[in-house]
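Following are the structures in question.
Two complexes are shown next, each including chain A; its partner changes from chain B in the first to chain C in the second.
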Partner chain A sequence: MSNMETLLQEFAVVAASPKAQLKKYKEQGKKVIGVLPYYAPEELVYAAGMVPMGIWGTNNKTISKAKEYCATFYCTIAQLALEMLLDGTMDDLDGIITPTICDTLRPMSQNFRVSMGDKMPVIFLAHPQNRFADWGIKFTMDQYHDVKKQLEKIASKAITPEDLKEAIKVYNRSRRARRAFTKLANEHCDVITPTKRMQVLKAAWFMLKDEYTEKLEELNAELAKLPVCDWKGTKVVTSGIICDNPQLLAIFEENNIAIADDDVAHESRAFRVDAPETDDPMHDLAEQFKNLDYDVLLYDPASAENRRGEFVADLVKKSGAQGLVLFMQQFCDPEEMEYPYLKKALDAADIPHVKLGIDQQMRDFGQVKTSLQAFADVLSLRA
Partner chain B sequence: MADVFTLGIDIGSTASKAVILKNGEEIIGKSLLDVGTGTSGPERVIRQIFEDTGMTKEQMALIMGTGYGRNSIEIADQNMSELSCHARGAYFLLPSVHTVIDIGGQDVKVIQIDNGAMVNFQMNDKCAAGTGRFLDVMARVLEVEVSELGDLAAQSTKRVGISSTCTVFAESEVISQLAHGTKKSDIINGVHHSVAARVTGLAHRVGIRDDVMMTGGVAQNKGVVSALEEELGHIVHTTPLTQYVGALGAALFAYQKALVKAKQ
Partner chain C sequence: MAENEKAKVKKGPSPGVLALRKVVDDVYEEARQAKKRGEPVGWSSSKFPCELAAAFGLHVVYPENQAAGIAANRNGEMLCQAAEDLGYDNDICGYARISLAYSAGYRVGRKYDHETGEFIINPASGKPLKDENGQVVLDENGNPKKDPKTQQPFEELVNINDIEAMPEGEEKERALNALKPIRQNLMPAPDFVLCCNNICNCMTKWYENIARMHNIPLVMIDIPYNNDVDVDDSKVKYVRAQFDAAIHQLEKISGRKFDEKKFEEACANANRTAKAWLKVCDYLQYKPSPMSGFDLFNHMADVVTARAKVETAEAFELLEKDLEENIKNGTSTLPFEEKKRVMFEGIPCWPKLPALFKPLKENGINVTAVVYAPAFGFVFDGLDEMAKAYYKAPNSVCIEQGVAWREGICRDNKVDGVLVHYNRSCKPWSGYMAEMQRRFTRDLGVPCAGFDGDQADPRNFNAAQYETRVQGLMEAMEAKDLAKEA
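And now, the complex of A and B:
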């Protein structure tokens, strides 16, 4: 097995087994903090000497125990994240952070508190929508200070400014490496199939970032040695919250569809923006949140324009893709409500797209298969 | 030059269809069974078309599979999505077509065509409302055959409002209307408009351009076609070959690919 194959295999194993990763870190005597979507300042967890671990639901479970706490119309990501805590998969965590910028995760934070609060600390985090003005920055910092205090209690260790500066450095490097990887994955889409691309990016949520980045930089170096591939199939940009179902991604491969870039919350939206590196690290983290943009969940002061739609359309053009595949999570109000203006921007830019209704309990992919095969036909005819 | 025969097989969720085409122009055989993927339908429909035409698999230059069950047609050389095949088949039958609406057993598809090629499409969400299954459920509750729905709707004097959001809720509404003594024909008229409203919403996402053609088994229901014309505000063309359009498209693609193969 070549070094590249070994690295890809390692990422695949990690991506498929958060429970094993949790066990591994616990056996090393480390404390592990679960981090729910979106935009939790993982740097604080890292700075406290603990392991942040993303919890984005699972494709392998059926919602059962979480039903006691959740209404039917909650998205399956939120429900299955809770299921993983309730059914013992991830209940060995030392705490969880529940950000609340999403309309479902806001009330869900209380369901997590009620259901898991006796077992582990549940840290509430409210990002501000008005994040630009000084008072918005101050609000973010106040929230992060509160998260920091609770993490320090769990870690039994004070987080110094130096710890946090170092954590920001580690995370910025990791974000840079992931951005470099997505570019390389586009250039080498014959090697980095949609499934492998997902596995590499998903593994980031389950590994200490310094360990992860080291491996990813190694993989990037291996990829950079290869000649740019002459792809004969079609290329798309993916968009949505998460598209980590291997059965779904296999359909891309069956139809020779490569992923040129993504606008996925679980992937690129999570590492588009670095934090500044100054002498005030807490301010740097708030500044990073301020600088996030083009996200369905984030307030846009220029909402009368169609900035996000145009940004996504531009992403498709710049990446050399011929179209966009939108993974629409069932019951995700923000993404569903955004769709008409995203469609308008794509239509205006003459970019074909297909919207696939998905959820994490999906077991039959017949309709998706038909849609993707037909979409590949449309793209080939336009080529 | 010898004649080129191609076979298109469309295995849907509720029916199996096959068409044999001569030289990409002439339909020389067709067969249909009202059972789809996962049943004996696919095997039987293939056996039947060869028996009817007296032809054999070996005489086929290429066999193309399509439909929901396309991946499990062993005899097929290749397969294509039913959207591409419906577009191709509809264009063959009506060259002026720009919009195809196919209501299948569990899917609704609206396809935009330019110069005979599919350029855009929309499929329904993961929901039975607006599909053939919706009509099956309603027919069962109303204790009538699906094939009777069109004629019964023609007797309606007043349309009853039935929601287009959810099959389960719509079923409750139909039961409630029956309990109130509402005429079956009026309820069926409402059911057809419910389907039409759902499909129209989908069609608007693609954009509706004349000529509009409806394909698939549901197009045999005159009630749905006229409700659709009313909701869309466009004339909806149908064809006596409505159930064969997908298989026909597959046979046409098979011909095209067979020619390319022959040249190679």
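And now, the complex of A and C:
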């Protein structure tokens, strides 16, 4: 097996087995903090000497215990996160951070806190939407200070400014490496198939970032050595909250559809923006949150314009893709609310798109398969 | 009241109710007039600090109230569908869908003959015709005849942008005249939007969409979710700073300076309204109650659209007098004998109010508690307290605060049970209801029943399921009585 194959295999294993990762870190004597979507400053967890692990639901479970708390019309990512907290899958965690930026996560934060009781600390985080002016930055910092205090308690260790500066460095490097990877994945889409691309990016949520970045930089170096591939199939940009289902991505491969770039919360939206590196690291983290843009979950003061729609359309053009695949997460208001204007921008730019309704309890992909096959035909006329 | 004594029902709207209706009518009418004069008109979320706009003398209308009204007038489905055709998923809040369709120009029109201008009457509409003895008149097939005076034209979806683009003349006049003449269908288009997401985060995107459709400024007051009962200094400072930014934006929009006096007046009115609203709500503590709890759902329109107007405070004070008189006379606006008292949790299913009321009436259940009472009954002194007041909305508070509000009114208003609306339109509201239900039963010892519904989209309500759940709740409440007696 080549070095590249070995690396890809390692990422694939990590992406598929977060529970084993959790066990591994616990056996190393480390504390592990579960981090729910969206935008939690993982740097604080890292700076406290603990391991942050992303919790974005699962494709392998069915909602059962979470029904005690949730009505049926709730996003499966959040419900399955609760399911795993209730069914023992995540008993080894030392705490979780629950942000509250969407209408599902607001009450869900309460369900997490109530249901976990004394089992583990639940750290609450409410980001501001008016995040731009000094007072918005200040509010973000206040929130982050609260999170920091609670993490310090769990870690039994104070987070120094130096710890945090180092964490920001590690995270910026990781974000850079992931951005470089998505570019390389586009150039080498024959090697980095949609499934492999997902595995590499998903693994980031379950590994310490220094460890992850080292491996990813190694993979990037290997990819850079290869000649840019002469792709005969079609290319798309993916958009949505999450698209980590291997069965679903296999359909892309069956139809020779490569992923040129993405606008996915679980992928690029999470590493588009770096934090500044100044002498005030807490301010740097708040600044990073302030600078997040073109996001369905965040308030845009220039909302009279269609900035996000146009940004995504531009992403498609720049990436050399012929179209866009939108993974519409069932019951996701923010994605649904932004769809008409995304469609408007794509239509204006003459970019075809297909909207696929998905959720994490989906087991039958027949309809998706038909849609993607038809879409591939449309795209092939433009390739 | 003795068990077998029939409830004395007060017929017709009381002076207070009439005054409250006029207040809301005036809000819409004044906005229409302001628009005609060329003044900017705003659309505002229900719990945006209205005192700020009032300080500039700006006219503001309320899409949530509008959507509820459109839904109650049975046009919710038509406009929800119009929004879906624009690409808004049917999963999105029904109020938002109605509002976005309206924002895009969709209106409810009455069908008319384009040659004669005559309305085309829907034969299925109208009330049964009665003879001089009050008996229903039957047609030759034995079906009840309709009273022609009560029959209405067919309704259709039209777009105001198309109508406005028509050349001036009779046809255009006819098209405008055919718009359904309810105030919610004639709300003026917005020149600015005021968004406060203390109600929900859906509001943020909803108002961004409106701003985009009309290319107009958006004033945003962001209230992040609060995990604590108290509103700490950090939160107060954040909101205070947003008030300042909003004032700056409103100065630009109105072309006027912030009028301190007007602002103080608006605050004083809002406080007076809140106090009067709370007093009215407190009449539900009487057993039996001098009013039907459903009345509060109607009166909410005033608290939402006109908190800061003196007329609103006065109208609620008048209603207090009406209720006091009901107490004295042993009358009630409840059209049946009150056997049981429940809290109705959530927003009502506006398109299905009669269906909602029917099994309650059949079982003698009065709604004597709704969470809107404490949620809109907020009184403040000064800007810091105002910031704190707006930090607390039904969907922005932690579970402990939410439970405390509800259990407080359940105790004060002596409820026997709780009826929970799992509202398909409202994820933040329904999101911790299961846990709340457990707490109501544990802390209050009362049975709870939940049903599926929707505040605006009639397609999400199942009358049969609702009736069964109400029946179940009634049986549980009666079983509790029997157990007590035993």
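The rule is simple: the second predicted complex is superposed on the first by the 382 of 383 C-alpha atoms of A that agree within 3 Å, B and C clash if a C-alpha of one lies under 4 Å from a C-alpha of the other, contacts with A are read in each partner's own complex, and residues count from 1 in each chain.
We adopt the following convention: a residue touches a chain if its C-beta (ideal position, glycine included) is under 8 Å from a C-beta of that chain, and two chains touch if they have at least 3 such contacts.
Remember, it's a predicted structure, so these values are computed and weren't measured experimentally.
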| item | value |
| --- | --- |
| Fit-or-clash call for chain B and chain C when the two complexes are aligned on chain A | fit |
| Touched partner set for A:K138, first chain B, second chain C, both or neither | second |
| Chain B versus chain C as contact partner of A:Q330, first or second or both or neither | both |
| Which superposed partner A:K343 touches (first chain B, second chain C, both, neither) | both |
| Which of chain B and chain C A:A71 touches, first, second, both or neither | second |
| Comparing the two partners chain B and chain C, which touches a greater set of residues in chain A | C |
| Chain B, chain C and vertex chain A (Cα centres) - angle in steps of 10° | 70 |
| First (chain B), second (chain C), both or neither touched by A:Y38 | neither |
| Partner chain in contact with A:Y299 - chain B first, chain C second, else both or neither | second |
| Minimum distance between Cα atoms of chain B and chain C in the superposition (Å) | 5 |
| Contacts on chain A seen with chain B and repeated with chain C across the two complexes | 330, 343 |
| Touching residues on chain B, where the partner in the complex is chain A | 68, 71, 80-84, 106-107, 117-123, 125-126, 205 |
| Contact set on chain C toward chain A in their complex | 86-89, 91-93, 96, 197, 200-202, 204-209, 211-212, 214-218, 220-222, 224-227, 234-235, 237-238, 241-242, 245, 395-396, 398-399, 422, 424, 427-428, 430-435 |
| Residue ranges of chain A touching chain C (in the complex, touch as defined) | 68-71, 73-74, 100-104, 106-111, 113-114, 124, 126-130, 133, 135-136, 138-139, 142-143, 296, 299-301, 303-306, 328, 330-331, 333-334, 336-341, 343 |
| In the complex with chain B, residue positions of chain A that touch it | 330, 343, 352, 354-355, 357, 366-367, 369-371, 373-375, 377-378, 381-382 |
